[in-house]
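There are two complexes below, and they share chain A, which is joined by chain B in the first and by chain C in the second.
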Partner chain A sequence: MPDLATVAPASGAPAPDASLPTAGRRRALGLSFWAPAAWIALVAFGAAFAAVLPLKSPTRSDFAHIAAVPGTGGHLLGTDEIGRDILSRLVYGARVSLTVGLVAVAVGLVVGGAIGLLAGYHRGKTETVLMGIVDVMLAFPALVLVIAVTAFLGQSLRNVTVAVAIVAVPAFARVARSATISCVHRDFVTAARGMGATTWRVLRREVLPNAVLPVAAFALVVVGVAIIAEGGLAFLGLSVPPPHPSWGSMIYGGKNKLADGTAPFISLIPAGVMFLTVLSFNVVGDHLRSRFDTRAGVL
Partner chain B sequence: MTLLAQTALATPLLDVRDLVVHLRAPGGTVRAVDGVSFRLAPGEVLGLVGESGSGKTVMARALLGLTPRHAIARASGEVLFLGRDLRALGERALRDVRGREVAMVFQDPMTALNPVMTIGAQLAEPMRHHLGLGRREARTRAIELLERVGIPSPQRRVSDYPHHLSGGMRQRVVLAIALSCGPKLLIADEPTTALDVTVQAQILDLIGDLQHEQQMAVVLISHDLEVVGGRADRIAVMYAGRIVEQAAARAVFDAPRMPYTEALLRSVPRLDQPSHTRLEAIPGRPPGLDAALVGCRFAPRCPRADDRCRSEEPALGADDAAPDHLYRCWYPV
Partner chain C sequence: MWLAQKVVRLVVVLFAVSVLTFLLTSLLPGSPVNDILGPRASDPVLSARVRHDLHLNDTLPVRYEHWLGGVVRGNFGRAYNDNEKVTDIIRQRLPVTIELLLAAQLLSLAVAIPLALLSAYRAGSRLDRAITATSFGALSVPDFVIAIVLVFVLAVRAHWLPATGYTHLTDSVTGNLRSIALPTITLALPLSAVYTRLLRSDLIATLQEEYILMARAEGLPTRRILLRHALRPSSFSLLTVLGINTGALIGGAVIVEYLFALPGMGSRLVDAIGRREYIIVQGLVLVIAVAYVLANFLVDVLYGVLDPRVRHA
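Up next is the complex of A and B:
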């Protein structure tokens, strides 16, 4: 998590001086920030090093222990409806969730951000056309769009990511546009133009650095939404094809045993992990956003 | 010197002819600049005075084509800079004029600097762009410029961010940026309005020194006649989108012809009057600029106005005795 790594040292420094008057400017980040941040780091670590961690196979069934309760038969979190190790599937599933969450959001951020930047800077016709396209995309039912994309291109991690990215673009375009508009009329942008700067340079050096913070904070919240979207698609059988694990397909796989109450943990454990992860992204995103807001106020 | 002055008059540095800028506004059109003409000789300082909303800032930005295109309802006229019409230039050609030949200083130094760039980077940017300086040279020049505008320990300050500096210091940086490429004309739009009175004088003196040193012309815009008073060669008074009086600075102060100018002069507090003397204010408010106006625009607030003033607008003209003293009034003071 490069975002967190860069934030951590900057926020760590003023935290001990909470009594100093300067600390009022920057509230110290407490447990409510660090606990979710640590959880995200843990999930990211698992996803990155799943292959080298001492885990059981995520796809091979242990027929001696089917739907085993957590802690039995050498399975820390138990096994699923056909005897696959839940912990291992969770860790490998994190790869899918994080890839979709981060890559789709990154694509949405770049594409939507560029659209919003252009629309906010060149008001008038350019804005009308670009935002018209964005509004059409927003009005189109997201689920139908995603189903169409995966049905048309086939089921794969890449295609799920593309589908979620397409859905994320218009939201980013709107946020980036309003962030751009809020700084385009500040004097320093006019001043840069008055000194002969090109449009490209004004966008890159003056507007972008001032508009990027609120958009980046919004992006962290959208990561959570994207993870949920992938889970929903997996539940509908539209994400990565089986037997590859994904949190959504794990929840789906355990639904019968959840309904009859024989082994509810098969669905509940991945659901809990997904819940914690999404919540963590939201909380971290909120913290960073309020931090950027106060900073904008100080400047 | 007289020869120089004559050639200067023959080819003005800036010759604005009948400039019109009408802006789009929610309620309709705002006639912010409505037929403004003036000339500026090389090295001359023109004070442009008018109350807020008289169209000064819109005019200043229109000179360099900085008005957002989508906000313009109507624009016409010519802005001849050394004979070239800036309004007819393409964006690319205009960019070579901005900063290099004509530079601008804005009202509020708190917002005129990019908060996320060091002042050194902001200084270097136009020099690298216009003068083709390398990173090193630009930095060295930036430090020299900071020193010239009176920033203490410029070597250290060059890597500071704008929020490290006070308002007056920031305005010095803004000035340094404006002067970095050696412009022939500086447009200073209320450069001291946002500053403390003590700092105001320092900044104005600095602009004066630099103007002298670099022999550049300055359009000094202010709502305050006193600010412009001792520093401008000529003064133009703007009211409701029009220039209503234009003359040598002394003439405006000693013998204003337009009742509006006279009223402005009388509304300045004076030390030779006893304390607690009531300040004279101009009754009423400037007209809204959203409708077509009939007659003299100052007529509703003018003590001398009669029916003629309310129905017919006077042209900007002069008496034979003083052909350089232009005013727009039927019944001059």
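Up next is the complex of A and C:
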């Protein structure tokens, strides 16, 4: 699993086509941007309106149709190993994935971003202390930390989100710091300082608007990582407690029917949905990054 | 001087890691007394005994000192329920995890280096775009999905490899390799995608250097230029990420070991968390974090050895 620490430095490297001299920098956003963006919108729509959509119950079993093949027995995507409607579970499961993905990343973005901004702006002692804390947090393999925190806090959507957010903070701090450093010595910052602007004002009006785009593009990639992390937790039985659906627990639930080959779709459908969603966030993030990333290699 | 600074930093980070590990399992909610005794926790005599045995009546700094004092002397404590020594668990299980991690790193490099060379040499070609797109896709597949698909295809359908279980190296070398094949491929796939992307972009930059043009003008064969002149100067960020990735790998190893029933550190950690054996969790998390910090320290030092500029920066 590519975890946060992995993605951070990779995103500092030049984007694939950035290093090609012939690559046009400002191409119009084509299908490769809008298709994944539309998929994310669709998933988000499902998650938001799951309760009012004409769906079957995500937790009630249809005992007449257990492990029904997609399209049979009135179940568009079939039923799982105990007869629950897969489509409905996917839509409700999207709530878990998106909540963890978006909320944890938002928290990581704000807290980590603030740490990185301060460290990058003040340098010196502030930077040493803040980045020291960040380094210590990064010393724990991300998933191990998430597992440990969730296991001890208890299984709930809130706790899973908190655990993933804790892990996201140091990664964002690093990216935000390098984004800050790259604009702190620009003339307009010096000018603002020279005119007697307070630190707070310089940070808010001059540095933040310039540092926020690369960090935001990175955030989209982290959403994908967070969704995978939640899936991993669910797979270990540590995410939202059953019978609440989550994509990871759906994949895990269908594992045996996949292994004996009787109903591989129970695992493969949620696996495909998770793959498409994570891929979409990655592609959209990558597009935005290659648009805004003017500081390749600073990290 | 450069090395001394690194070592001081290493010691500080290790100390902080031990504190955080200790706090992680000591401060989080959930009383170990309840976990151990269950419904019998209401018995004041019993729970007082457990509290005494676990030193729960002491203050946090005293407990930390006690625990770290043991750890430094190689005593990680014992599991409360079955009196199993944490050191024994580590001794039995660490080699399995290390074997898995090394195998995954080697396999992913063996895949990534040729792919990156091919991709970078013909940058922009159809092959390059195919490799780039595939590696981008591979990054979006969770490892547990790779694992179950591999089991389905290679173990259940084709019967080529065992789906779960572990054969010790001392019992059978081929059996051992076969038993770690699927977990290794699972871990190596996303990893090789990261390495291919990274090495490719660095290689493309290197290939634009003048000395490469010079080598070409001298009529050196392409193979020689790529392997002798371009690969080494392009491999620095790969080296760094190799170290950083160990953390991602360990995380992946937890899931993969659990899924493939490998007797490594990760699967035991999941068990220990499930059974709330907090002394084991503490010990295993500490070993994992320390190993990760040391791996990155070594990479850091190696980086300085390979590129003298780092030492004088």
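Everything below uses one rule, namely that the second predicted complex is superposed on the first by the 267 of 299 C-alpha atoms of A that agree within 3 Å, B and C clash if a C-alpha of one lies under 4 Å from a C-alpha of the other, contacts with A are read in each partner's own complex, and residues count from 1 in each chain.
To be clear about the criterion, a residue touches a chain if its C-beta (ideal position, glycine included) is under 8 Å from a C-beta of that chain, and two chains touch if they have at least 3 such contacts.
Please read all numbers here as calculations on a predicted model, not as lab measurements.
Colleague: Using the superposition on chain A described above, determine whether A:Ala148 touches chain B (first), chain C (second), both, or neither.
Modeller: Only chain C; A:Ala148 stays clear of chain B.
Colleague: Looking at A:Met274, would you say it contacts chain B, chain C, both, or neither? Reply first, second, both or neither.
Modeller: Only chain C; A:Met274 stays clear of chain B.
Colleague: Touch test for A:Ala106: chain B only (first), chain C only (second), both, or neither?
Modeller: A:Ala106 sits against neither chain B nor chain C.
Colleague: Can A:Gly231 be said to touch chain B (first), chain C (second), both, or neither?
Modeller: A:Gly231: touches chain C, not chain B.
Colleague: Given the superposition on chain A, which partner contacts more residues in chain A: chain B or chain C?
Modeller: C
Colleague: May I ask you to decide whether A:Ala197 touches chain B, chain C, both, or neither, giving the answer as first, second, both or neither?
Modeller: A:Ala197 contacts chain B only, not chain C.
Colleague: Which of the two partners, first being chain B and second being chain C, lies in contact with A:Asp187: first, second, both, or neither?
Modeller: First partner only, chain B.
Colleague: Look at A:Glu206 in the shared chain and tell me whether it touches chain B only, chain C only, both, or neither; answer first, second, both or neither.
Modeller: first
Colleague: In the superposed arrangement, which partner chain does A:Gly124 touch: chain B (first), chain C (second), both, or neither?
Modeller: first
Colleague: In the overlay, answer first, second, both or neither for which of chain B and chain C A:Asp260 touches.
Modeller: In the superposition, A:Asp260 contacts chain C only.
Colleague: Sort out for me which residues of chain A touch chain C in the complex.
Modeller: For this pair, the touching residues of chain A are 1-3, 5-6, 9-10, 13-16, 18-22, 132, 135-145, 147-149, 151-154, 224, 228, 231-232, 235-238, 248, 251-252, 255, 258-261, 264, 267-268, 271, 274-275, 278-279, 282-283, 286.
Colleague: Which residues, counting only chain C, touch chain A once they are in their complex?
Modeller: Within the complex, chain C contacts chain A at residues 12-13, 16-17, 20-21, 24-25, 28-30, 123-124, 132, 136-137, 139-145, 148-149, 151-152, 155-157, 163, 190, 194, 197-198, 200-202, 204-205, 208, 237, 240-241, 244-248, 250-252, 254-255, 258-259, 269-270, 273-274, 281, 285, 288-289, 292-293.
Colleague: Hey, which residues of chain B end up touching chain A in the complex?
Modeller: Listed in rising order, the residues of chain B that touch chain A are 61, 64, 66, 68-70, 95-100, 103-104, 106-108, 111-117, 125-126, 129-130, 163, 174, 177-178, 181.
Colleague: Using the touch definition from the top, list the residues of chain A that touch chain B in their complex.
Modeller: Contacts found on chain A: 123-124, 186-188, 190-198, 201, 205-206, 209-210, 298-299.
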